[in-house]
Structure formats: structure tokens, C-alpha cells
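Each chain gets a letter, A, B and C, in the order it is written, and its residues are counted from 1.
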Amino acid sequence: MKPSKSTFPLNAWYAAAYDVEVGRSLMARTLCKQKLVLFRKLDGSVAALEDACWHRLMPLSLGHLQGDEVTCGYHGLVYNAQGRCTHMPSQDTLNPSACVRSFPVLEKHRFVWVWPGDPAKADPALVPDMHWNDDAAWAGDGKMIRVKCDYRLVVDNLMDLTHETFVHGSSIGQQAVAEAPFVATHGERTATVTRWMENIDAPPFWAGQIEHSLGYKGKVDRWQIIKFEAPCTVNIDVGVAEPGTGAIPPGGNQGDSRLSQRGRGVNGYVLNTISPETDNTCLYFWAFARNYCLSEQRLTHQLREGVANIFREDEHVLEAQQKAMEDHPDHTFYNLNIDAGSMWARRLIDGLVAKEARPSVIPIQAAA
Amino acid sequence: MKPSKSTFPLNAWYAAAYDVEVGRSLMARTLCKQKLVLFRKLDGSVAALEDACWHRLMPLSLGHLQGDEVTCGYHGLVYNAQGRCTHMPSQDTLNPSACVRSFPVLEKHRFVWVWPGDPAKADPALVPDMHWNDDAAWAGDGKMIRVKCDYRLVVDNLMDLTHETFVHGSSIGQQAVAEAPFVATHGERTATVTRWMENIDAPPFWAGQIEHSLGYKGKVDRWQIIKFEAPCTVNIDVGVAEPGTGAIPPGGNQGDSRLSQRGRGVNGYVLNTISPETDNTCLYFWAFARNYCLSEQRLTHQLREGVANIFREDEHVLEAQQKAMEDHPDHTFYNLNIDAGSMWARRLIDGLVAKEARPSVIPIQAAA
Amino acid sequence: MKPSKSTFPLNAWYAAAYDVEVGRSLMARTLCKQKLVLFRKLDGSVAALEDACWHRLMPLSLGHLQGDEVTCGYHGLVYNAQGRCTHMPSQDTLNPSACVRSFPVLEKHRFVWVWPGDPAKADPALVPDMHWNDDAAWAGDGKMIRVKCDYRLVVDNLMDLTHETFVHGSSIGQQAVAEAPFVATHGERTATVTRWMENIDAPPFWAGQIEHSLGYKGKVDRWQIIKFEAPCTVNIDVGVAEPGTGAIPPGGNQGDSRLSQRGRGVNGYVLNTISPETDNTCLYFWAFARNYCLSEQRLTHQLREGVANIFREDEHVLEAQQKAMEDHPDHTFYNLNIDAGSMWARRLIDGLVAKEARPSVIPIQAAA
């Protein structure tokens, strides 16, 4: 058996939880094969420790939180929020090695982000931009699902939306998505796929949104601007507008325009960040934010559940694909035009992984 | 870990389904570790393709059938019934390598047969004779069960019916089956075990049949003529007749006599063909055909369920045996007299497997 | 993969069942990775045979018991209680090698003990002393649970009762158990941990017992005298008494004193013997015997269920620990003061295992 190459970089911020999931109790979660226990300290900030007691590896998440300290649920070793053991049963002297790893953690845009790699490199500026998730100009909600597949398959899925036609035919899919041309570009940490569908019938999902919001029925211009940020975040600018009302600005839309620049229409952001749990499972955090009917709680609820149904269709496909790939471990894959975006995403991920790889054998050159 | 020797030949017809199971929808089935998608074409014939899209290995069985073409349920690649890709999303030029394997397939005697090996060798004449399954002189019905064992254990089970005494005591088992002598013979692709039990009490199953059919109560002559055809088909001529009425013809019965030559009695065929799914699971197709009371639908129903109950007893034993063998991977087995038939069957299977094995390293002899 | 060292000696008596579990039917049980079939003979004594027919490995426990003989449920081979095959179907001559292993077995102190190792070494005197389980001066009851962990983790658990404070806080745990000093000693096959807690509040469990038995409320002296007998038996002398009434005899208590020497109090024995089933599962037999209110059936019932609830808390912890250890196969463990008793127990187990290990390669020294 050859050693398997890592499928993810460690030096990155990964969403570990929605902010509301972490409170004054101990929560177990696995990120990048690392078992973590998360809890909120008395000052409201979040701590993330290795979820294995130094003594007998008992998961600390099965223990007790008191103040900012965690007591192991087996023999009562106590750890502070930095992972240092502060108490042992029946002895006064503490072994100086007695500690568990603590991980850099911060909260931003409604997610709790953990850095599984070198703490010295944990730059807060590297957290991906998902501001639509807590911006007053946008309204929305999301969920986390655990998908039994390599997180990169979810990235592939999002970087090529032609699959909407075949997987999501009853909601957002339509023939145009598989037929309209698209443009794929990339930067140092990002890859972007842009697809414009002009003067088409809106698919059921968007037809409902534009009618509800603007009372409009009829043909639309539709857009999908997919932006990947390595290693695992994909934010998609989506929407429809009345044809020819300026939805397509001269020189193309860079994905950051406001609705007013696009003419009369509705605009949403599908926010996705997918954290590898193991090599073949992942935590998929998503949200759908919109810039219309902001105060309608019923619509927020309805959209969250509607999008959840769509993502369940993806989950079914992704898990079938993972299983098929495991059945064919040595398969060589061919790429189609539609894979351009995911190929760039994969290349950026591979680059981050390669940067972290250390040669295990250093070849020694003999003198001439 | 040493490479495991194949347990089945690939160049053979294997039952993949009962004819009625395959219709105008996509059906997944695994034969000889090969995942297949089966469907009936517009002309009524059956197609069998590899169940993995050329692009991302998505099972085609999760896609859609339109006309004689299959559309992948992920990215919409379309394949014709020969496995050739005829359409790709968002591109006009098709990659010339884009295809999936298609397999020789035919229907005969109520089964859909697939040839997983070299298509050039797929001779229709090699389909085993199971004509009792659709012969107007016989009536019956059957089922398919998935058994979690090596298909050869089912063959062993059928080649030695002494187990009826211990496994099926309440229906077809009786002490005589374990005591009466038997004769085992073999040909190039077949092995036969013949057992005659003269002037005995009929076991509950047969006592019921002969009374229902002929109004007869009392001692019987009973026969079991088991015929194996490599690699995995076992047809068993079974029945009881009034003692001394000619059931046992001079010179022995070759299993092809008609009931009239056997005297007053009832005759059935237990038809079995067992397709390896993996090394330790199989698809067991069976039917029970009789030559009496042909028009009694109630009897057909009753016999099918009665035999299904008997085969559930076998299933229990076979899965326990498989598990025990996996617990003792290096066990050496000893054979008893009763194993004569299954030993011949195994030898014929091994011969077919050996014929297909290719040396992976060709030794090179150094010059002298 | 390096060959795994055995985790248990074979030359030892292991509890295979409570006496009442074994009757006139076939019972399967696994001890030290050896599958057994147990049954009670016509004379009332118990037989233990290898649970795999010589012919096709069929578990004999799925067969039939007739008299003192077992008939295999597949092909009807018959074995006597010594494991010798006495009948084969359809043949008169029995293969002389046809037998299954039989194991030394005896009953003592309410358990059926089996010796999986060399029968010549099966000395009845080596059965651990658990006489409280059928001594008229004591009353009690117990259960068997199957725990998904290495049996040695249960031994560790019992050798250090500080865990009561953290795992069993609502019943027998209290801060004093984690704080009071203890003494660990050992002999050739035994290790003992003694802990005295003087003039403390009784924990809920014991407060209830002493009030029920003696009408006493108030401070108590509490003791725990844990005695391990290699490889897997741990009997614990526990109880509370009115402070200063003589519970702590001069010179220390050796665990064999009678209640009367300890002053006014209540005394129980927690009897535990843990049989390895596989490397990561075990059969945990326990009982709780008391020397007060002997005739109260209701109390016996209540104590059995109460202790069962406590042991379920352990089961939860032990299975989490096993899983964590499997996730960290190369982890080096550090020991605390509280591990003194289990370190001795482990050392005694390792000694027994080492004594049985045979060098698989004998180095041959070349002549000089």
C-alpha cells in the first residue's frame, strides 16, 4: 500500500461550526482528521482543543465544562482553555508534558473557523469573505450537512453548474444551463466561472422569486458567477432580471455589482464552505442570502428548506460518486470543457497541499 | 497479502435477472464484480452496459432512459445501447474514447443472461438448458435471492442433498436421504449425482404432492437426479412414485425419462443457477417446475412459497458457513463420500478458471 | 503490519457463562478468540467444544443436542461430548481425524469456567476465589455484559476507583475518592489497592444502604480494598461504617476481616471477572454481594439494577476509550499515581503472556 497523499492543506481556516452551534457545553467535531472539542468561554469567545485526554485519550467532549476549564469525564484531569493540564487526581505535582493541543479559532461571518495547521501562520486576514451571511443588506439562512465524500467532490459540483440540468430539473435546472457558454478565469487563490443565459424562461425556482418580489412574469436574463477561494469556499452570485434591463453591464459583470446596476431583478448568493472531516467525509456549510424582501421571515424559512431539498439531491449524487471512485481506486479521469472551473480549483488545492508536503527521504548526491 | 485467485470464470453466461425484472427503466446489478446497468430497448431486447459514466464514474443506473439511450444523472452525458457516448454538455466535439463497456446479453428460459468475459467467445449455444422453465409440459415459478456467500457454497449445497435430512427436516428431509447410496458421474462440463430411495415413507412435502395429484397414500420410490453444468447451474430431477410401478427402469434412470416411464408418480425439476456477484455474495435464481396439475394456479403459488421457505433454511446455513470460512482463512477441508458430486463440480469450475488465468510474470531463462 | 502480541494468556480459567445460562441446549460463546459451543450433559456437568464442524466449519451451535451428542445442522455429523465424531452420513468408516477440540470446563462460585489453553495445565485450584457469590453469609446477584473493549481496560477501570468521582457522581462517586491517599501492593499473581476515607459524608448509594440496614445517618468511614488476581479477576471489598467504631483496625485492614471487626456498618463485595472475547471485545461478568439484610429479595433486585446502571456508565467510558486508542495505534501512554494498581495488574498479565510466547525463529549461531 502506497502512502496516501493528503487531500487537504492544514494551513487554512476551516469552518468548524455555525456560531450558534457552540455554547456553554462541550461539542465534538472532526476537522482534517483532527478530533476537536469546542466550547464557548465565559468571555464569549470560542476555544478549540484536541479531543483526547493526555492520560488515556478519553474524548474530552465526554467530560464537563466548568468556567473556562474542561474536566475529563474518566479520571478528572482538568485542562484550561489553552490545553494545559491544571489538575490531576490524587497527586499534587503535575507532569510538565501534560497538555492537549489547542487550535487557533475565530468567528467571522456567522461561522467558527479553526486553523488545524501551524498556529504561527494563522493569519485572520485569510478567512474567506462570506460577508453576505451577516450583512444587513442581505437576508438568509443556512445549514450544515455531513456528506460522505471527499470535500473536493463538493467543490467540483459547485464549480460546474451544468449538473443543475440533470440533478435539479424540478427547481433550478434547465436546458440553458447545460448549453450556454461560460468563461473560466483564475487568480492566485481564486477561480471564477461566469455563465450568462439571456432572454430565457426562468426555471421554477427563479420564476417564483422574481414574481414574488417584483410581480414580474416572462423571459429573463439569468446569471451564475461562481467564485472559488482555495481550499474549500465557493460563493455563487446568482439571479435573474428582466431581459435587456441592464443585467448584463457592458464589459461583463464581475460579480460584485449591486442589483441596481443589473436592472430589475432578484439576486442571491449561495455561500458554501466545505471542511474536510476525513479523506472521504466532509462538513458542508451552506447558506442562501438574498437582497430582496429582506424582512419576510416566511420567505427566509421557505428558501432555506427549498435549498436544503436541492442540496439533498447533490448529496445523493456525491455519495454515489464517492462510492464509485472507491470501487475504482486506480481510475484515470478525463475532463470535459465543463470541468474547466473545477480543474483550476483542484490545481489551487494541489498547490497548497504540495507546499506543505515535506520530502520524507532527502536524496544525497555523491561527490563527482 | 497474496493475490486472491479468481473464484469464477468470466467466459460464461450468467443469469443477471428474471426476464420480467428488466423493463423500460434502469436496473443496477452486479455480476462477477462488474457493475451493470440493464434496460429493455424499444425493440424489446435487453442491453447491459457498465454502470459507471466514462466522465466521473457516476452509476448510469441513477440516470434516465430515453428511447434506447441513457443520460447520466450528474452531467448529462448520453450513451447509446452499445455504450458509445453520443452527447456531452456544453461541447460539440466528443472525446473519441468516451464510451462504457457493453456486454453480450440474451434471454432464454425466462432468464436474462450476460457474458462478462470476452465478447468474441459469447456463444449462445453455451447457455445452460433450463427449458422446464418455459415448457408447456411443465408449470412453476421461482425467485431470486441474494445470498451472502461464495456462489460455490450454493453449488456444494445442491450437489449433496443429504443435508435435506438435517436442514429441511420438516419438509423434504428424511433419514433415507442421508442413508441411501448414490452414484456420482461426470462429463466434460457436467457432473451428476443420482440417488434412489426405494419403498420408503414419503417426506411431508412429497406425501402432500402425490396425494393431491393422484390421491395416493403410502410407501413410495423417491429419486433425486442432480445435474451440474459448469460453472454454476444445477438442475435437479426429483419426485416420488408408487413403489415398483416402474419408477426405477432397468439399467438405472438417466434423468431424462418421462413420468410415464417411471410409473404412477409426481415429478418436479428444481432449477438453480447461481451468479457470483462478488467473491462472497451471489445472486441465486431458482424455480420449481412440475409436470402435474399444470393448470392449478393456487398450487403454483403454494409451491413457490413453500420452496422459498426451504431455501431460506439453506440461506441461513450458507451464510453461517461463509462466515466460519472467513474466520478460518487457511483451513484445509476434508471431504466425505457425500462430497463426491461437489468435488467434481469444483474441479470443473477450477478448470474453467485456470484456463482463463494468465501468468503475470513470464520467467526468462538465461542462456547457458 | 507487525504481528500483534497476544493480549491474554491461554492457560487460565475464564468465566464463559453464569451457571444458569447453560442448559440442555446449544449455546455459542467466544473466549480468547476461540468459538465455543457449551451444553449441559445428562449428568448435569457442562461440556465445551470447538464451535466448528470438522467437515465444513459449520457452527455446531446451530445443530441439535441429543443425549450427550451434538449433530451438525448441515450434514449431520455427530460428535460426542469429548469432541470425537461418532457418525457420518452415507458412510460407515469414520475418518480417524474427525473430531473437534474439547476444552476443560468446571463450575465454581456460580460461573462456568473454561480453560482455552493446554488441557494438561488446567488445574482446578487456579480458579479465582469468588466464593461470596454462593456463600450463605452473603446475598446478591449479577449480570454479564458484552463490552466492546480490550478486557484490560476493564481491569484498569476497576484498579483505580478515582474514576467513580467523575463517572459515577450520582451514586458512588464523591470528591473524597479522588483525594484520599491509597496504598498499592502486589504478590506473585495478585495486586491490591487499598483506600480509606475517614469521617466523610457517604455518597448517595452508601448513605442509602447504611440507613436502610442500620437506620444510621451521618458521617462514615468508607473503604475500598481492590484485589486483582491475574489475568482478569477483580474482587472489591467495599463498605461504610460509623466513624471510629473500629472500621479501621490497627495495622490496617487486609480485606479479609469480618464486618464485626469493622464496627457498625455495611459491607459488600463487587465481584468482577472479565473474559477476553477478542482483542477488542470482552464478556464482563459481575455480581454484587452484601452481608446485611440477607433475606430481602427486593433489595437484591434493587441493588442488581442499581449496580447495572453504574456499570453502564463504565461501559460508555470504556468503549469511548477503546475507540480513541484504535484511532491512535502508536500512542505512548503516561501513567499517573492513580495508575499504580493497574500498572501492577498489567505487569502480571504481561508476565503470563510472555511465559506462553514461543520464539517463531530460532537464531542459529554460525560456528567460529
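A few points about this structure:
The rule is simple: a contact is a pair of C-beta atoms (placed from the backbone, for glycine too) under 8 Å apart; a residue touches a chain by one contact, two chains touch by 3 or more.
Quantities reported herein were computed from a predicted structural model and do not represent experimental measurements.
Think of chain A turning onto chain C: fitted on CA atoms, that turn is 120 degrees, to the nearest 5. Both chain B and chain C derive from one sequence, and where they touch, under half of the residue numbers involved are common to the two copies. The geometric centre of chain B is 49 Å away from that of chain C, both derived from CA atoms. Counting partner chains per residue, chain C has no residue touching two or more of them.
Interface of chain A with chain B (complex): residues 156, 160, 162-163, 165-167, 178-182, 316-317, 320-321, 324-325, 327-328, 331, 333-334, 336-338. On the side of chain A, the complex with chain C involves touching residues 35, 52, 54-59, 62-64, 71-76, 88-91, 95, 97-98.
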